């Protein structure tokens, strides 16, 4: 399988400080890859490179075969990559429907329609409703985003990213701020929706190792700017050295499995 | 409800020349001019979230365009004057915008102020070209090819010219309405609400701001042409920064968060200023005090106030 | 050669006064993030009040030679309107910057007529008082001593401000509040008091600047709106929020103006704006500032 998105021996240095030191990573269609590692390991830098926010000091980053060094979020959104953030971003005075519509407009290339009426565009409205239903937001379609609960805002954030119909979606700690009871539900919802929406690969940045173990097809562990491990969950958690480095001592299912 | 109000207002406007003294009707002309200019200004301010403190630049370009074309180049057609002046304004807008849309907030305001003052100093100092502080005369144009030579200046202004300008306001207003309710308008508002998130959703923020800026320049110039034909003169003070300040004042007076706000603001301001000027030599003080009151007490302007009162009345 | 020195001293004198106003602007922007369009109004207020103060003092028997300290004192006194104005600003601190600009613009309009009310529409001046300080030799030229004194005063104030900001406790607290207001609040800083003090200081810099300029120029009702134009040029060239920027910008604008006036009068203010725009194209942050994007 050829890689949908990949980094080839990327190095990123900020002056003297080397954030990433030769990271090669390939993500193919159908994969759900989790990027894990302690703070300072280089996760944020890697994510910024993968999403075109920064250009590598050396090495290359490719999306669908094209170099995307530093192209920026707008271009990538149009090429088929979406990103949802840890900290929730909304458009305070726009409704749920309008928020999702922003993405749909970008996707369908209608942004330069200066005189068409967005409110009565049947195709856009249908798509907006479709996406809202996937995330259970259809009853709040005409509520302004600032009046949504924190959880609903989070869902809207992810939903609007989905509305871009991306091929790759990068989720930055999607369950942070979500109560433990809801975390699994949200993850399942997101992954199912992704499949339905035609998303081909998911990149997950997560600290919650339960979720990582449960939903990833592959785990990439970073440490000090290098790839420590790049394996399927079963192999990953079977290796006590890796577990100790990334997970530390844990009481729970993982620790029991590892032993 | 809103449609009823608009139709009523339109009817009043159309009836005015028949019922009011020409003096009052000639006051409505600048209000129409500013209403059009502010439609453009508020696209930038209310919808895109960019406060330009140099918008008078485009009004001035419109005015001087009309002046140069009519009195120095012998162009008589109002339509040609409108199009050429507006084109000049849009051409000027593009380099300014390219520079300014990199920034937001205060830096955008200062940049636009600098450009308008640059134009002002050019107009003021280069006497031979621009007439210096006296400015340039603006001659009466022909409307749709017709001269109306039998009408004297006032009759022309409160007659055919007046109705033409009302029509312009209606047409340009309609176009602006469509624009702000279009996908483009949605992206513009998204870019104002959260620039970063909108980029992640594929909004080409800088590009649409540039387009919005150019459109606002077009509207500003049309307003400037009307103003200049009304007074018969294009003068450099049209480009001074305090004139830009008045444009912002009018918009906020009416209410920048609504489509109709700027229109209400334009009419209110023109009449308010005229009444105050007639009542006291310290009219600037009172205008300033009113602006202060709006900023502190009624930030959503007259339209916002109206909406609130209406909502309260409905509850009872 | 004499012409060159004349231009130089004239330009530096103008720069000295501009620096005071710009420093006031930068302080207020740096700490409170407010761009004060009414800075020109304070400048004019200082000018008019200074003239009145000197005239009263002379009528009361003061020897004309003491007019300089009277000017400075009057500038400081009238700067005490600072706290009152700052209270008004309270209503817009947390809100969109547009409202801050509009509030200060409202003040510009109001001050226009306040000045007119108290001092009338005709320009006012101090006559030949400046000559009572005589002239002094700078290099090969005779220069009015007054100008040299003002330049010296301005340098002293610049140095004083710099030392104040860098070395005193209050100065450090000021800079901390400018960097991070929430943090300063959390650390127990009385931010209200800081804001009031900074604004008053900024106002006084403006009023003293206006007072110092009147021996050499008339006070007129055009001053408030015209000074804003130059002050903003200074601040853009130097970089918003930077004191060093205020100094550099003031020197550039002052010297350019002096050169342009004597060389090709039409170019005067135009040249300044060309420089402003060039700075914005090539170095958008100004010489010493940081733009927000």
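Chains here go by letter, A, B and C, matching the order in which they are written, and residues are numbered from 1 within each.
Assume contacts are C-beta pairs under 8 Å (C-beta built on N, C-alpha and C of every residue); 3 or more make two chains touch, one makes a residue touch a chain.
Small disclaimer: the values here were computed from a predicted structure and weren't measured.
The set of chains in contact with chain A as well as chain B is empty.
Comparing the centres of all chains, each the average of its CA atoms, the largest separation from chain A belongs to C. Contact counts per chain pair peak at B-C. The most central chain, judged by the distance from its Cα centroid to the centroid of all protein Cα atoms shown, is B.
Chain A and chain B, compared by their mean Cα positions, are separated by 45 Å.
Mean C-alpha position of chain B lies 33 Å from that of chain C.
Spacing of chain A relative to chain C, judged by their CA centroids, is 52 angstrom.
Every residue of chain B that touches chain A in the complex is listed here, in rising order: 175, 178-179, 181-187, 189-190, 193-194, 196-205, 208, 211. Looking at the complex, you find that chain A touches chain B at residues 72-74, 77-78, 82-83, 89-94, 98-99, 101-103, 105-107, 110-119, 121, 124, 157, 160-161, 163-164. Those residues of chain C whose C-beta lies close enough to touch chain B in the complex are 35, 37, 88, 91-92, 95, 97-99, 101-103, 105-114, 116-117, 225, 228-229, 232-233, 235-236, 240, 265-270, 273-274, 276-277, 280-281, 284, 291-293. Interface residues of chain B facing chain C in the complex, by the touch rule stated above, are 45, 51, 53, 99, 102-107, 109-111, 113-115, 117-118, 121-122, 125-127, 240-242, 245, 248-249, 252, 281-285, 287-289, 291-292, 294-296, 299.
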